[in-house]
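Below, chain A partners chain B and then partners chain C, in two separate complexes.
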Partner chain A sequence: MLGLNLPVVIVLAAIGGVLAWRRANTLTWLLYTWVALWAFFKYGFAVPIPQSVATIYLGITGLALVCFASSSRERLSETVQPIVRLILEPRYRLALAGLLVALPALAAYNVYADLNVPLEAPGFGREVHPPPPTEMTVHDETVDMATAENPYLHYKHDDPELYGEHLENGRRVYYENCFWCHGDGMGGDGMFAHGLNPVPSNFNDVGTLPILQSSFVHWRIAKGAPGLPGAGTPWDSMMPAWEKFLTTEEMWDVNLFIYDFNGYEPRALGQH
Partner chain B sequence: MTLHATRRAQAMATVAAAALLLALPAGAQVDLGTEEQRAAGKVVYDKYCGQCHGDTGDGNGYATPRVKPKPRDFTTGTYKFRTTPNGMLPTDDDLRRVIEIGAPYTSMPGWPNLTSAEIQNVIYYIKSFSPDFENPDRYGEPIEIPRPLESTEESIARGRVVYEEQGCAACHGEVGRGDGPSAPTLVNDKGDPIKVADLTQRWTYRGGATKEDIYRTFSTGLNGTPMPSYADSLEIEDRQHLVNYVYSLGDGDEPNYGTLITAVYSEEPIDLQDGETLDALFEAAPTTRFPLVGQITEPGRNFFPSVTSIEAQAVYNRDEIAFRVRWHDLRADTSGRNSPSLEVPMWDEDNGIGDDAGDDGGDSDDFFGDFGGEEAPAEDDFFGDSGGDDFFGDGGDDFFGAADAGPPGAEFSDAVALQFPASLAPEGTPELKPYFLYGDSQNPVDLWFVNLTYGVADTFRGRGSESIEPTEADIVEAVTSYDQGEWTVTYKRRRSSRAGVSFAEQQYTPLAFSVWDGFNRERGNKRALSSWFYVYTEPSVQAATTFPIVRAAVIVLVLELLVVFLVRRRARQKAAGEEAAGTTLATTEAPAV
Partner chain C sequence: MTRNRILFGIGVLAFVSVIVTVRLGGFLVDNEYRQPDRQVAAQEELGEAELVPRQQGIADEQAADEAEARARPYEEAEYRTVPFVGSRVTVWVLAQLHLLFAAFVLAVPLFAFIIEFVGYVKKEERYNKLAYEFTKLLSVSFSMTATFGAFLTFALIILYPKFTNYLMHIFSPTFLPYVLLFFLEALFLYSYYYGWGKFGPKMHLFLGFMLNVVGTAIMFIANAWLTFMMSPGKRDDIDGDGVPDFVSAVSESGALLSLRDAFFNFTWMPINIHRIIANVAFGGSIAAAYAAFRYLQAKTDEERAHFDWMGYVGNFVAIIAFLPLPFAGYYLAAEIYAFSQTLGIQMMGGTFSWLFVLQAALIGNLFLGANYYLWLGMGRMEGGVHFQKFIKWLLIAIALCFAVWATPRYAISSVSEIAAMGGSSHPQLSYLGQMSAKNTAVNILILSTYMSFLLYRRTGRQSIHPHRQLLTRAQAIVFSSAAALVIFYGVYGYFVDSATRIRFAIPQVYSVLAALVVITVIDLPLYRNAAQSGETKWGRIPAVSQYALIFIALSFTWLMGLMGYVRSGLRQEWHVYGVILDTSPDAYTPSLGFATQVVSVTVLIFFGLIGVVFWLSSLSGKKDYAPGAAPEDGGRIEGGQAA
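Here is the complex of A and B:
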């Protein structure tokens, strides 16, 4: 669940391997370290880390590399040697001229690209699972979030037939109310999902239902987006507050159904 | 898609070749699978399909009253998307195609996660619902789909002639926006109203949007719908030209939904009455298409909105800002009433009109069941149904009597609204916005609402769905027009406002849209709406771009030359020093740069 972009990481490691095998000089290593880190931040994560954070990391790394290179006289001259040779030796004259042209061109391109990024709507982070309240009132009943559990879950072992009835009722509730957003197969890809920001939760995902207690899911179903704290950007989410439409039993039944459909169990109480 | 297309083409070729070469009787195609395969198919069906198509395959699942079009009734053996002639059963490959990619912009999703064997099993199971699949006479030879012709001007022009001659426009409209004169009257063979395809929005074609799909659609027709087959009336070549014409009507393959309108600056005055200058102004502004979905978060839900997207533009000058929005609507409904806060009774959330699924209890279902019944209602009845004026009348007349009241669809008018926060988020909380559904008590929104019956803009302040009040703080002007299936509404307001949001330069202002289609009985919260998006007011003076680019290059070049110069000077000094010390060293003399 590190969210790494594996091919990129492998390629970067492979380049490092080649450098080690070819016994690259200090300068090459320093350049490699910095460029590899840049590439890792930019392409190495499935969800890229924010530009500002990456810039800070790269700045620190750059500083560390300079310190390293200048930590002793020998190392400094060892690092600088290739640059000095490039500048002084006539056989590199062409390469030097090339570099003299290439670097300003790169800088110019960078500025050009920066000026031409297509305008985008401002994006904001949002907390997907903000902390729930300690208790809530649903249909005049107080629910203690720390101890509440799906009251029908235990039928799974105690009374499979009754369990089946609750599941079937949950199925009805889901396909009368939820699939437009959360999808027929619960992949978060219902027929309205393309118009929603934030997108509907994907219940197939191992990072959603299994890590949540059934009371948390009950809270989200009963109170919807308007029940979220500010960190969850309640003003953007279309998740309805189902207490307006459903009975408490229906809400627990659909809770049961979304777990069962995906073969998951709610996280047990007291487990963190 | 192309993969599917090729696979389909190959499969078809194989079937066709086999049938031709071996001259098999048509009955040889009957393949109902084995007992085990059907049993395996039932497992998949019960988990993924029954909730819509019904556990007994009759199309009466849990979702049925709330989706349009309704899930296919598998007991009838009537299928829309086929390579086989009109009235015939689909091939297994036709069914597989629908199951894999679904029918876009309907509730029928694609099922890419099912394995090929699972799909085959579920196909066998679906076929077992209808005895038709045992009848060899219901099987037809799949048509051959020729390669598309090159889309030349002549070909498109010829296609246009065919389109006119064949009367496509009667349903699909002059320019294909689904607004033909017959469009509001069409029902399918179960009596349900059916929406004519908007040929300009190819991504919404339910049977697929490639040229091959289009060829197939009008060659074999869509069984059970008014969309006929033209296999008998059109030569193959004319059909190919027609494909090119239909394709040319399209606004691209993808909707390319955006998240931002860029408002461009102009020195010109914005005069809403001067259409030509206004058009010229907007000509220069980029257009963004935004997705709309049904409002299903608060009571008065709209599970099947008519309008699925809206295009928007914005321009501004020193004092004023103007917005232009456009969307397609099969008919201009300009005689009814509408407002953002009209009450929507619970029964009007469901798929009532002409509903034949009304026997599973519930008052609302009974209500519609009485109208629709089993047989298709006559066109007039259908509109009568929707025109339930009396029902809303406070007089409390028997609303069943409404069936013979009023002109078609006169009850609700088309309408549109732009929504802005009443004020921008305070410094440091840029993400804070009012609730996207008409705002909330702490953060109100302003609505620029146009009821297209009157064509003027009314402003409302929303503090949530229960609290929407008219305001007069700002004057918003609007002009509206309806042309060949497209509404255009242009708004204008002063940029600065004392009570609402002001549009400063280089400001991102949240904005959301609502559209009501009166024909679909949309009013109040029963509407199509969008999430929050943004309008960005582009700087009035465009910053020069060449200077910073040149500056960056020059700085880097100067630094480089400096390094080169210093290194060389050092080397020369060193060489000089060493020479002085009497050492011989073959240092290269630095060439001048």
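Here is the complex of A and C:
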């Protein structure tokens, strides 16, 4: 449910319930919160969350707990008192000895666990959208990325019949060349998609086509993976540079078609 | 016998070896190439006219070099370099330090003036003292600003002469007014500071007002220079088709077409607004850090009480300015995006987007630090325990929003994690990486911080307003409605297209701003003349609170450095975007790690220097030197007319 590992969530909630029932002190609650969240991030999701994100979350949790524990003199005293009693009172001597063994053992286990992982290539952050150049040359024609627009878009209002022809040509180009990877419905789930990492762009996504000017899409079609910028991160993509196979008109037509098919308008120049 | 012969043989061999070595050494010294320091002796030995061949060769080379140098035409240098550090880092650090001091010098008069005005209206001397205490920081900071400004100018002229010359070509008409305003700034600043208690209150307030007007004008001019580098022109619908067109302020070769368009360029006003607000937040936090510094040094309860109050006011100023800052930042980012999709994508989706994850972490820390300080401040009042129970819930809300804001859309993942997720984004968490979630988180953070402030304000006070129940309920309804509206738009944003979703930010912002205004308007009469359940004991706050103030100031400074780098670095290989290319060896985007290191070192230098400012400012409160008198280690509170 909701992508959660329910047994883990139930166990963690049950422990919390027991602590509430036993009216646990502040220190116990603080320790429980941190450990429970650590367990939740590590085991609580059906698809484990990346370590980098879990570290951010646990860092925030740690900061928040320190703030809470020291947010008043009374609360700080409540938090610290059990630790002072554990150290000073003879009746806790055994527990203290156990803790003195357990803490280094935990640290040692942590080192062991960190080192005992299979070797694998380092991961890299991925850019959501690669930054386009300020201008590019396609079939000996310079395209200003800031101002270029689909030259056939205006036919939508000016000459719907001609617009339909361009759209039809775009459909043909798409289903001859693009659908293998981007899919029948443009969901990025074509028949070759399962073999690609990262998966092909999903044009249904509300966060992709509508926030891009048509010049950006034209750049991606024309230049493909070889034209991606080197800045940032290594980029894996199998997108061919379609300028080598298609005419400029065909590329603008397919650009027109993917917007039209998904019911989106390209982001206008100067639009926020 | 044989042994003796061998020993004799070794002795003879050793003697001969010594003789040979000495002779050989003498021969080599006599016949070495003459070094320049022995040239005179050699000359005397051989006579004036005769030179050894090596000397002749050197003399010929020198003559050839001289002749070549005389014949060489003058060439203007495009770039010069700085060893080890590099030109870019030099200019970067100097510009950042200049800007940090300038921001402080522009911000402090703004709230010193307001505090003095409040004191004048309320006829309370303590406000006047406080305003003076803030103003004491200005004198040295102003000198620092000017020093770093001059240093930066020289560095630009020396290291980037061609580019600096180009900027002069564009903006030379603005330089004289700038200098004139700077002169006026000095005049008003020093008359405001040294004239404290020497002029009538109205005249002094007028000086403070003019100081702010002139300071703001200076910033607006400097902003034109730097924003021109990012957006050298404006967007205007010149052909009337409803689609904005780019109107460049310069020709393709860079010649100036319109100074007006270059000055009032596309990102000029967004930067002005963003900087004014950010300066006040930054200035407040630095002033609060000064108060914390003095609080921790204080020897008497009176000093502690004074600097505790000063720290509270400085932090209050910082947080009040900080609340609308995300909106101003959003406006600036939206305008950059509207100006150029390349810059916009570079900023939010490209390389620089990772710095926004760091930004989220810093802003989250700022919110947490600000709330923490307010919670600790409840300890000043009797009856503070009553509201302590709410802290847990506020903390949960703040930590959750902080986590949402810091969640990247595409996480840094190992290969096995990517395989498990089926891509670079997590199926559940990727929702938190989107704009809807971020906008919702920041708005709830603002509301939560405001709630902390309201609780702090109520601590130890009981409203005696006849309609207090009704008004308190009205406040609760307004607060809940704003929160509900923010969450509604946040969730609904996932079900609409991006253009609509982006527009949802506007009702979210307005609902929060409206809630802040309405609740404040209700709160003022509600708690006017409220019954005090106990006295506010200024100075009775845990020392850790003062470290929280310093932490907040540090976070603000770091944030300014980081975001300043993003804004400036966006241009990448351009000095002036799309017009003047950077062809220096530094024309590449440094790695994010390197950039953060430069920003961190700059912040450390700034804090070292601001420590000097704090120390110099605190000297005025110390007793005069008297021979034989015991050294005085505590600061005395001084305050204009009261001093």
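Following the convention adopted for this analysis, the second predicted complex is superposed on the first by the 152 of 272 C-alpha atoms of A that agree within 3 Å, B and C clash if a C-alpha of one lies under 4 Å from a C-alpha of the other, contacts with A are read in each partner's own complex, and residues count from 1 in each chain.
Keep this in mind: a residue touches a chain if its C-beta (ideal position, glycine included) is under 8 Å from a C-beta of that chain, and two chains touch if they have at least 3 such contacts.
Please read these numbers as outputs of a predicted model, since none were measured by experiment.
Asker: In the superposed arrangement, does A:N197 touch chain B (first), chain C (second), both or neither?
Answerer: In the superposition, A:N197 contacts both chain B and chain C.
Asker: Is A:C67 touching the first partner chain B, the second partner chain C, both, or neither of them?
Answerer: In the superposition, A:C67 touches chain C alone.
Asker: In the superposed arrangement, which partner chain does A:F216 touch: chain B (first), chain C (second), both, or neither?
Answerer: second
Asker: Once chain A of both complexes is superposed, is A:E120 in touch with chain B (first), chain C (second), both, or neither?
Answerer: both
Asker: Output check: A:I87 vs chain B and chain C. Expected answer is one of first, second, both, neither. What do you get?
Answerer: After superposing on A, A:I87 lies in contact with chain B but is clear of chain C.
Asker: After the superposition on A, what does A:S52 contact: first (chain B), second (chain C), both or neither?
Answerer: A:S52 contacts chain C only, not chain B.
Asker: Go through the superposed model and pick first if A:T134 touches only chain B, second if only chain C, both, or neither.
Answerer: Only chain C; A:T134 stays clear of chain B.
Asker: Where on chain A do the contacts with chain B and the contacts with chain C coincide?
Answerer: Dual-contact residues (chain A): 120-122, 124, 126, 197.
Asker: Using the touch definition up top, name the residues of chain B that touch chain A in the complex.
Answerer: Touching chain A from chain B are residues 47-48, 51-52, 61-63, 66, 105-107, 109, 111, 113, 257, 259-260, 262, 291-294, 296-299, 303, 430-436, 440, 443, 508, 530-534, 536, 545, 548-557, 560-561, 563-564, 567-568, 571, 587-588, 590-591.
Asker: Contact residues on chain A for chain B in the complex?
Answerer: Going through chain A, the ones touching chain B are 83-84, 87-90, 93, 96, 99-100, 103-108, 110-112, 115, 119-122, 124, 126, 171-172, 174-177, 179-181, 183-185, 187, 189-192, 194-197, 224-226, 230, 233-236, 238-240, 244-245, 261.
Asker: In the complex formed with chain C, which residues of chain A make contact?
Answerer: Interface residues on chain A, with respect to chain C: 2-3, 45, 47-53, 56-57, 60-61, 63-64, 67-68, 70-76, 118, 120-134, 145-147, 197-199, 206-207, 210-213, 215-216, 229, 231-232, 264-265, 267-272.
Asker: Could you list, by residue number, the parts of chain C that touch chain A in their complex?
Answerer: Residue list for chain C touching chain A: 235, 243-246, 334-335, 337-342, 345-346, 348-351, 353-354, 361, 364-365, 368, 371-372, 375-376, 378-379, 384-385, 388, 391-392, 395, 398-399, 402-403, 406-418, 420-424, 426-429, 434, 496-499, 501-502, 542, 544, 572, 578, 589.
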